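In what follows, chain A forms one complex with chain B and a second complex with chain C.
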Partner chain A sequence: MAHRNTTLTLAAVAAAIVIPALSGNGYVIQVASLAAIGAMMAVSLGILYGHAGQLSFAHAAFYGIGAYTAVVLHTQRGLDFFLSLLAGAALAGLAAFVVGLPTLRLRGNYLAIATMALQLGISEVFVNAKITGGSVGIFGIVRPAVFGISLESPAAYYVLLALAAVLVFALAQFIVHSRPGRALAAVREDETAASVIGVDIIRYKVSIFTITAMIAGLAGGLFAYQLEYVSPESFNLDWSIAVLSMVIIGGKRSALGAVIGAVIVTIVTQLLFSMGELQFLVYGLWIILIMLFLPDGLVSIWRTSYRKVREAGS
Partner chain B sequence: MTALLSVQELTKLFGGVAAVDRVSFALPKGKLTGLIGPNGSGKSTMINLISGLHSPTRGTVQFKGQDITSLPPHRIACLGIARTFQLLRLFGDLSAFENVLIGAHLRGKHGFAAACGGPLLTGAEERRLHDLAREALEFVGLGPRAGVKAKLLTSGEGRLLEIARAIVAEPELVLLDEPAAGLNSAETGVLAEKLLSLVERGKTLLLVDHHMSLVMNVVSSVIVLAGGRVLTIGTPQEVQADGRVIESYLGSGEIYRRHRAKREVSEH
Partner chain C sequence: MVSFVEVVITAASFGAAFALLALSINVIYSTSTVLNFAQGEFMMLGGMLGWAFYSALGLPYWLAVLLIVGCMGLVGLLEYSLVVRPLLLRRAADIAIMIATFGAAYVIRTATALGMGRVERPAKPPLGQTPVVIGHVPILPQSFVVIGLTCAVLVLAWWLYTRTTLGLALRAAAFDPDGAQLVGINVDKLNAVTFAGGGVLAGVAGLLISPLSYASPWFGITFAISGFAAAIVGGLGSWPGAVAGGIILGLANAIMLRYVSGQWGTFATFALMLLVLYVRPTGIFGERSAARFGTV
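And now, the complex of A and B:
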């Protein structure tokens, strides 16, 4: 059974990578690319919010830090592509560490408030700083060649994005099902009980906030080269909230749910694009509906029916 | 007799009111000591002070000769002191097994870096921790309930799960805050048996209880608190015969009733 599940999962992942890449349809590749980037963001926020119980509104800011850093280092200074991505992730992690260290000492929802402030502040920096190109942003980004393979075509670059998403997904699963992952679940459930078991709650909260911000930074760097252009409106509070909606819609306790949420939100956002500001109304409405009727997200439908099928079978 | 833990002149003020007032005692290694007293006598505050959830206003706590006063709770746990809670503090959304597995935190070493390596890197330690958790769960008799979410357990099972979670990391000292509260007499009997078997394994226990049925049957000595102060320390027999203890309990009526019931039995 476990064997068949693994085979099915691998087949599904392979199909999700190969089919859009070979579709030859620019629109499909574009949407699939954005979904892969959204999946990385949602998986990252899912660990932080769903698993560790800490809410961040600054994931778009970390994403932006990763994007600008990668572009400045690779496109403008000629540093190696992957090193530039890693530097962006590291800088995003550093920002989270600096904000998280004082904030996460406090119990309660201070992180949500502090990250909201951080997001608004960093958005201002993106708009006004010289190095980010101000409100115009940075043009002329060219997708690189890595290991002798050109990623210039959107299809080739999509394969890189999808592989990165798979890597992030696997890391999330490893972390959640590990000793530190369990300690985070304990922190979410009851900080006092976690502390007397020996969990250094501040250290674990700061660590996971930093790690998930690094993932957001990596996703941001990858995004910059997908769009081939960076500007502040890609990194504002709207995007933080969109990622949060992916997590809630898909299922906040499940990495698979986060991926499902990312795919659905990405597709629906594309479909609603012509509605302009009205799309936020639709967003708000379906988040409320999901929270009311499916508190564990869309992934819980699949789980419940899977269990029913199994019970019927036995 | 060597003291594993000693408390010196410990005082805790809450808004000027002393919940614990200049309390001193020592816990002998490898023994089960009772801590009793009427409601509001400072028993739970004592446990919170020792486990680091409160920091004392004055006084010191020493564990194995080391000053642990005002250390944060996780550092105190690291040194080998575990505790249970009077109002259950289980991880409700997690299974009984996961609760105990988290309790084994201090027996593992892997951090986030190792975790990112996946099962290849963490497999051996994970198997070891799973074995420890399974053993502890079976020790308290919850083996068959391993997969049940903690919030769906009965209160008796919840108490036992708290104990399993506290002992799985092999602490030297276990502080039990009213583990018998809400248990029926059969369950209390099972609990007494488990506590004695922990002492046989070399653990040192401090058992807080305010109704005395459990304490008097299993402990080797009793500390009696009243109004935040130590009233007396002695064997269960000495304490039960002590007029001041009987008097301090008159408010709650517990010892008084037991005392009278005994007298009635002997008169017949």
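And now, the complex of A and C:
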């Protein structure tokens, strides 16, 4: 049974990578690329919110830091592509560390407020700073060649994005099932109890916040080369909220749910794009409705019916 | 010297409005521990309604104020009963409630933009635009309106909290919600009252501040950050803290505007908030035990 599941999963992943890449349809490749980036973001925020019970409104800020850093280092200064991506991730992680250190010592939801302020503050920096190209942004970004393979075509670059998403997904599974991951789950359920049994709560919380911000920074760097230009509106609060809605739609406790949420939100965003401001009314309403009526996301429907079938069978 | 006095007056005007907003955040937070992210949108809506009733429809100012008090109380009550109450009854996590209030903020902002137009509106100040010159310093009459009305509201709120049965019940519920419930206080009803009150306080703050800048459907989120920053700087849940935090935030804003640039205001607010969280996480007036983690 488990064996068949593994084969099925591998087949599904391979299909998700190969079919859009070979479709030859530019629009399909673009949407699939954005979904892969969204999946990385949602899996990252999912660990932080669903698993560790902390909330960040600044994931778009970390994503932006990663994007600008990669572009400034690789496109403008000629540093190696992967090194530039890693530098972006590191800088995003540093920002998270600085914000997380004081706020995660406190009871209550200081992190949420502080990250909201960070998000709006960083957006202001992106718009006003010289190095980011101000409100215009930076144009003329050319997709690199890695290991002698050109990623110039959107299809080739999509394969890189999909592989990165798979890597992030695997990393998330590893973190969740590791010893620190189980400690974080204990912190989420009851901080006091966790501290009594010897979990160094603050260290674990700051670490996971930093790691998830680094993943967001990496996704941002990859995004910059997907879009081929960076400008502040790609990194504002609305994107943080879009990622949050991916997590809660799919199911906050499940990395698979985060991926499903990413695909749904990416497609819906494409469909609603022409609606202008009205799309934010849709976002607001669906956030409220999910929190009220489906707090564990779409995967909880599947799980509930699965359990019912099993109970009926036994 | 003249410019310094101007900065102080600006700081006091904005500080007064931020103090009201921080107070509205604290009123709700004390009883239910809900951090209501729609609070900034309440302030924005207060400004927009003020523009609609007073500047556009030309109603008398006192009537506009009364209408705004009524409308904003209703909006706060609606948010509570439709969004927050079901989650509180289910004992949902604080973060889940916070996300839902954020959804409510999106709905309020977009509905306002679609219903009342997405442009910035110049709100008419009730005492006119002609500056009053005191010494050599020209002062906008609206500054007196903001500071005076804020003081009046603060005194009224203080009287309500310390001198009435309702205030006693609110303080009891803030101190120990379960205990208050046990001695026969209806905490659910009190929460509804705090959301209505929070809506009114934030709405009045918006009404007062809009003639000094603009009324715009997009200002809510910036207001929210300023309000939360003021509440944290002063100490989350503390009433004197809300006033002190509001004034400090107003001062920081005025200094940034006058001496640096208007472009970095939010980043400065963020930096100030973070600095306070590093140096004194409980804020100026916050209780140590309330915020500090790991005191077991």
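Heads up, the rule we're going with is that the second predicted complex is superposed on the first by the 307 of 314 C-alpha atoms of A that agree within 3 Å, B and C clash if a C-alpha of one lies under 4 Å from a C-alpha of the other, contacts with A are read in each partner's own complex, and residues count from 1 in each chain.
Assume a contact is a pair of C-beta atoms (placed from the backbone, for glycine too) under 8 Å apart; a residue touches a chain by one contact, two chains touch by 3 or more.
Quantities reported herein were computed from a predicted structural model and do not represent experimental measurements.
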Q) Once the shared chain is lined up, is A:241 touching chain B (first), chain C (second), both, or neither of them? A) second
(Q) Which partner chains sit in contact with A:211 here, chain B, chain C, both or neither? Use first/second/both/neither. (A) first
Q.
Between chain B and chain C, whom does A:26 touch in the aligned arrangement: first, second, both, or neither?
A. neither
Q.
With both complexes superposed on chain A, which partner does A:117 reach: first (chain B), second (chain C), both or neither?
A. second
(Q) Counting residues of chain A touched by each partner, does chain B or chain C come out ahead? (A) C
Q: Please work out whether A:189 is in contact with chain B alone, chain C alone, both, or neither, and reply first, second, both or neither.
A: first
Q.
Taking the superposition on A as described, I'd like to know which of chain B and chain C A:179 touches: first, second, both or neither.
A. first
**Q.** Doubly contacted residues of chain A, that is, touched by chain B and again by chain C
**A.** 192, 195-196, 201
(Q) Which residues of chain C touch chain A once you look at their complex with the stated criterion? (A) 33, 35, 37, 82-83, 86-87, 92-100, 102-107, 109-111, 113-114, 118, 221-222, 224-225, 228-229, 232, 236, 263-267, 269-271, 273-274, 277-278, 281, 290-294, 296
Q) Given the complex with chain A, which residues does chain B contribute to the contact? A) 51-53, 72-74, 76-78, 82-83, 85, 89-94, 98, 101-103, 105-106, 108-112, 114-119, 122, 125-126, 129, 165, 169
Q | Residue ranges of chain A touching chain C (in the complex, touch as defined) | A | 49, 53-55, 98-99, 101-103, 105-110, 112-114, 116-118, 120-125, 127-128, 191-192, 195-196, 201-202, 237, 241, 244, 248, 277-278, 280-281, 283-288, 291-292, 295
**Q.** Contact footprint of chain B on chain A as seen in their complex
**A.** 170-171, 174-175, 178-183, 185-186, 189-190, 192-201, 207-208, 211
